[in-house]
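Let me give you the structure first, and then I'll get to my questions.
As written, the chains take the letters A, B, C and D, and residue 1 is the first residue of each chain.
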Amino acid sequence: MSDLTSEEIARRAGDALWVRDKAAQSLGMELIAIGPGTATLAMTVAETMTNGHETAHGGFIFTLADTAFAFACNSHGLVTVAAQCSITYIRPGRAGDRLTATAREISRSGRSGIYDIQVTARDKVIAEFRGHSRTIGGSFVEGLADPKP
Amino acid sequence: MSDLTSEEIARRAGDALWVRDKAAQSLGMELIAIGPGTATLAMTVAETMTNGHETAHGGFIFTLADTAFAFACNSHGLVTVAAQCSITYIRPGRAGDRLTATAREISRSGRSGIYDIQVTARDKVIAEFRGHSRTIGGSFVEGLADPKP
Amino acid sequence: MSDLTSEEIARRAGDALWVRDKAAQSLGMELIAIGPGTATLAMTVAETMTNGHETAHGGFIFTLADTAFAFACNSHGLVTVAAQCSITYIRPGRAGDRLTATAREISRSGRSGIYDIQVTARDKVIAEFRGHSRTIGGSFVEGLADPKP
Amino acid sequence: MSDLTSEEIARRAGDALWVRDKAAQSLGMELIAIGPGTATLAMTVAETMTNGHETAHGGFIFTLADTAFAFACNSHGLVTVAAQCSITYIRPGRAGDRLTATAREISRSGRSGIYDIQVTARDKVIAEFRGHSRTIGGSFVEGLADPKP
């Protein structure tokens, strides 16, 4: 074990993930906050993220939510992957919109977790995402001894 | 009504969607086939599509599947949007993998549809996606009179 | 419109649904609370509700959650039906367990709503349920003029 | 290992599950067929299975589908439980309807499986169900040595 606080573990986990997450970087995401079981990221809808109906492609809204999910479920410092995710689209997003995805932990039991992510734009909810995670390995955070999940 | 066959409507719908789908183009997707209720697209996992664990970011796998879903559910020529989608990740994808997403129509009743999309890489299934669609408007295909959905 | 408060509409909606809900009654459910967008129901797991592995059959856990969902999404007095539901099982339930399902409204936009229902037993969460609803008609509550949803 | 065929394992698994499945019996279900990765069950919608809108309560439609899922995912003779399930309601069911649920295996990889179950009544699809399973233990079928799943 280590004497890191859970907030410090989350911060270090966020730093470690961010460096390696080329997808988040290439899409211009911003990591706004990370804590134990939580994460907030933002991204602006570029022209290249629109689809055949000229609204934000659902795939990019999903990708932002999925990234917030990944940061939140890895915030305990243990290698954790997405097993199953679902998204409901509530309102369309548009090019130029600043999207914010806020993830919170609903449940964590054994190796399985559930996280809810809300995506907003212009102060309105545009999508609700629920992610199911699975912890598959030990720690990826330096200074955190390798606890069994 | 029109005297276009359903295959011809699908082909025209695919052409119309493709031109406007900047997201699909910017990610380097290829539209391999489209028919009534079906669509197949492919995409290669670029380095910029990898995540914190160095595998293909689930968001991009989702985006490919979601695009196949969009082409399939719009293949009847009526403006149709995604309402709710879920994805299960079965195996990881890697940078360089050629992903293929194949969509088929499971159900279409009134304005609601269900589509299943299978994503494969190296001849193995890496993800199963189920999309729920909602038809919201008239035709977007030239030569197809505006039928009520 | 009417001058009923939203709490009064919810109470009347709950009464009206309860009388007709033979399924809830035959399973021995109890309606503990109903308010605008919320509902709480309880049920004891009978021997006849166990399955091949001798734990509570998921179908009955689902049915309790689904009923809480139905009461919550109909609490505004407009005829509303389930479109799509998902449930994640977190811990097994056992014969004799008193299950409580608590529903809350996550989103309501146009005719579409999202509700989250948590099912607990012995003070632990055993399942998380998310329901998507669709309002299909006018009011079923006496004294509530028929507003368009 | 054993020299039982996969069909014989499925038949024995079905017999073993059926005896213990008090829920299936108390609801009057009928096990019509079971094979490796597949199962078909039927049930008639009783008056006690209707809800506040006087159609078949979604919970009972779910329970039938969930039971077909359970038989299919346990048909390989290894103790397997539901992890997450989702259902989409396409048409209402009514009291007196004979419902048939047909399960088929979509994917099975390591301990995780995906099964799709279609529920029909009067030759029409009334619901589509997707279940995610998790194999948690050894064999429950007599004569089948305990293989690692």
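Just so we're on the same page, a residue touches a chain if its C-beta (ideal position, glycine included) is under 8 Å from a C-beta of that chain, and two chains touch if they have at least 3 such contacts.
Everything numeric in this text was worked out from a predicted model, so none of it was measured.
Chains that touch both chain C and chain D are the following: A, B. Across the assembly, the mean Cα position most removed from that of chain A is the one of D.
With each centre defined as the average position of its C-alpha atoms, the distance from chain B to chain D rounds to 30 Å. Centre-to-centre separation of chain A and chain D, using mean CA positions: 34 Å. Within chain D, residues 83-84, 86, 88, 112, 132 each touch two or more of the remaining chains. Per the touch definition, chain B reaches chain D in the complex via residues 86, 88, 90-91, 106-107, 109, 112, 114, 116, 125, 128, 130, 132.
By the touch rule above, chain D contacts chain A in their complex via residues 83-84, 86, 112, 132. The touching residues of chain A, counted against chain B in their complex, run 16-18, 20-26, 47-54, 57-60, 62-64, 66-67, 70, 74, 79, 81-89, 92.
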